[in-house]
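Every chain is named by a letter (A, B, C and D) in the order it is written, and numbering of its residues begins at 1.
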């Protein structure tokens, strides 16, 4: 990051707005957990529902749900800092292990915030802090 | 590709199964369009619904829906060839322009099919064949 | 691509300049092969030298040489269109098979050219047109 | 990481071998700095030379040199743990700011080590610990 971070109160308010506004989020129901004004990190939760499953055999998240959660979290980390939406330009997602049907937490922070683009890193954990997937993306800040 | 491709009839049957089985697909409702036995390309459609939107202001797809469609299509291209699921290892998604609220078609083909991994390329078009996003991923074939 | 392409003569002249100017290119010695004014595709050659090898056991390219060739080719495809350098923002490289010690050809084209960023696709072939690696990147056009 | 890490002495010995063996490394001259047996992190240095430059106007690293350093470091982090080479499957590189002509340090660690593949994260710093580029890749462990 190259600029002062947004304050704790403003950051959390922006994060809540960011997570609650898009119509598609009403399908997944991600929720704002925390905003850390020291690091700029945002944390977003997602409760499991059986319709998120990849398989009829068991409760494991579909990769598309994880990809969406990673996109939402990376975007939120940038949007909170600039105070408006920051369209995703590109995104890489690495799946590390099957994600079981429990509440997930996505932690995202801005690696570098520029006038035209920002980069963010995202990590997705199971409820017990076990890493299940990571992402990295480029977002437009113009 | 390094092996003979699956036949047209088997490929289409596998593609339909692949698209209809995962519970999460019942939320998005992607549908199998075609399987090309010459190239191995699969084509998957997605009809727009307002709950897919990123914004309350207009009908544009949320990036997470596009990411999910790309994951589904790349996975399907590989799964059709090997006859079983091929978990996504990693994925890159490039958003090229805002995707308006119309039916999308994702075209995916295997770049290389190996014993441990496969790579697939995915292109997502608007109804009028305008490219809106592309993806590339690595999938497990073990 | 969203704008008229640069003409054949201008494109080839720019490509040659682009490939010959950077000091690091004097180490690898990539060379401009063709510029296609219909598609905007640039083709860049690279002759094998034993110091490009990954292993003392045989003549296979080091992955870093392929990554550099992919970066050079993607960058060149964009730079030719805008008439100036277009710094690489991010890049994904997929290695498809070991690249033997023969002349390689990297083909690159712009997927989408915008005012702030461009995306390019790059394919690297052995002398006999066998694909050995592919790349996709985002480049700054500001 | 899912297995006990290699000891400090073995790790450092393997890292030196890994960095010194490939013929292409004699061109760039990366050097092993440290191996941390607590985290598995490897650190690799690269001294600047004018032939690494992108421009005749000033001393900034060519993106291909950074991509190569990232490939080398990510590969080394995995190879040290498994005791043999781990061919790069795919790699994403994010350039964060122009990298000036000073000594660079690449820090790499394994995110997850599996029987078929491993993922590694790589960060490249200027001499004063300023981040200039990051990478993430998938490597074969078979």
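Things to note:
The working rule: contacts are C-beta pairs under 8 Å (C-beta built on N, C-alpha and C of every residue); 3 or more make two chains touch, one makes a residue touch a chain.
It should be emphasised that the depicted structure is a prediction, and the values quoted were computed from it without experimental measurement.
In summary, the chains found to touch both subunit B and subunit C are A, D.
By residue number, more than half of the contact pairs of B-D reappear in one of the listed pairs A-B, B-C or A-C, namely A-C.
Overlaying subunit A onto subunit B using CA atoms gives a rotation of 180 degrees, to the nearest 5.
With centres defined as mean CA coordinates, subunit D is found 23 Å away from subunit C. One simple way to say how far apart two chains are is to compare their mean CA positions; for subunit A and subunit C this gives 33 Å. Remark: subunit A and subunit D have CA centroids separated by 27 Å (rounded to whole angstrom). In subunit D, the residues that reach two or more other chains under the touch definition are 89-90, 92, 94, 119, 138.
Interface residues of subunit D facing subunit A in the complex, by the touch rule stated above, are 92, 94, 96-97, 111-112, 119, 121, 131, 134, 136, 138. For subunit D in complex with subunit B, the residues that touch the partner chain are 89-90, 92, 116-117, 119, 138, 140, 142. The touching residues of subunit A, counted against subunit B in their complex, run 21-28, 50-56, 62-65, 67-69, 71-72, 75, 87-95, 98.
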